[in-house]
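I have a structure I would like to understand better, so I am pasting it below and will then ask my questions one at a time.
When the chains are written out, they are named A, B, C and D in that same order, and each has its own residue count from 1.
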């Protein structure tokens, strides 16, 4: 089962965990991204995420395909939030279940690393005195 | 903050996640161990966990010490359950928060790998026609 | 032919609109569309990278555009 | 001296009790306690490994026991 969504409402860790439960699962690894209060020692006030949604879902599904092929995972849940997020809120959750735990760690880490490289979602950091689209400039 | 417990009641993923939240956290990794329905192709009915509790807590705290030293984690939560568990129930949850995600993955995986080597907790697999203390025999 | 282009993130700010259209020669590759765009909006040259999605998939410079393709500028992504 | 020993997991089944006591010569190391125990309960020789915790810490064979120490047999652990 795969549960891949882009949502404009708060994400829920328990929900993503439950989505990948299975009697054959020995391990579940959940990665939760959190909005930090600072970046490069500059205080962040809020983050704004926007996405090219249909393509983002397509790319997230490509990641899921690869997790099944390469790690033989049982289930994957990827939820990404868009809109305005405050410090401590959750932009992304990835949950993976596998028969043995090592594969769950590897697959989950691969998923978040790849998501950050390929999925068309953009983050703008809002500071007290300005705003920056993350990663845009060299 | 560290939240290290051995419990004889069901574990809760959300609770362990919440225990490691922090405004400075960029990533939270949660490992959830689950009772599988089989081991070496033999159908498991139940698991029984027992522990030398005071020493187990001491060893779990040693693991936590190392996570702080080696990975500079922000918080860790380790909950281990004892008693009789059915298929799909959760014997262990480890949640780790760090400023950057890579450290959270590494620290969480180190914690579960080490827990399985050093913490005095024993698991008995109950089959339809017998029972085995796991790992005891060569 | 006329190519309609959708922009997100910093690309939207650079063209100062969520979309624009460019008149290009036929055939037009992704690569030459990129050049045309960078000439018109010089700010794009300052980005770390710029990719294009055609009908919801990344495409290389040598990919040829058809009229009616959904063309989206993909500046460096930063999800997660 | 008399050493009281607590057992968990398969060790509890081998000695058929959650605890037992052994009479040992003084000084007695963890290593010689282990030998005494394995001689008395031969089933321990079939285990993958056997360790001892003295007052809630693992101790090596050369560690010397004191009367009143909390001694626990630690068969192969399998938590998680």
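By our rule, contacts are C-beta pairs under 8 Å (C-beta built on N, C-alpha and C of every residue); 3 or more make two chains touch, one makes a residue touch a chain.
As the structure is a computational prediction, the values presented were derived from the model and not from experiment.
In the absence of subunit A, chains linked through touching fall into B, D | C. In terms of the distance between Cα centroids, subunit A is separated most widely from D.
Centre to centre, using the average C-alpha position, subunit B and subunit D are separated by 26 Å.
Between subunit C and subunit D, the centres computed from C-alpha atoms are 72 Å apart. With centres set at the average Cα position, the gap from subunit B to subunit C is 48 Å. Contact with two or more other chains is made by no residue of subunit D.
Contact with two or more other chains is made by residues 33, 112 of subunit A. Across the assembly, chains come into contact as A-B, A-C, B-D.
The residues of subunit A lying in touch with subunit B in their complex are 13-14, 17, 21, 23-34, 36-38, 87-88, 97, 99, 101, 104-105, 108-109, 112. Across the interface of their complex, subunit D is touched by residues 33, 49-52, 54-56, 58, 80, 91-92, 112, 115-124, 133-138 of subunit B.
Put simply, subunit C touches subunit A in their complex at residues 6, 8-10, 13, 46-48, 53, 56-58, 72, 74-80.
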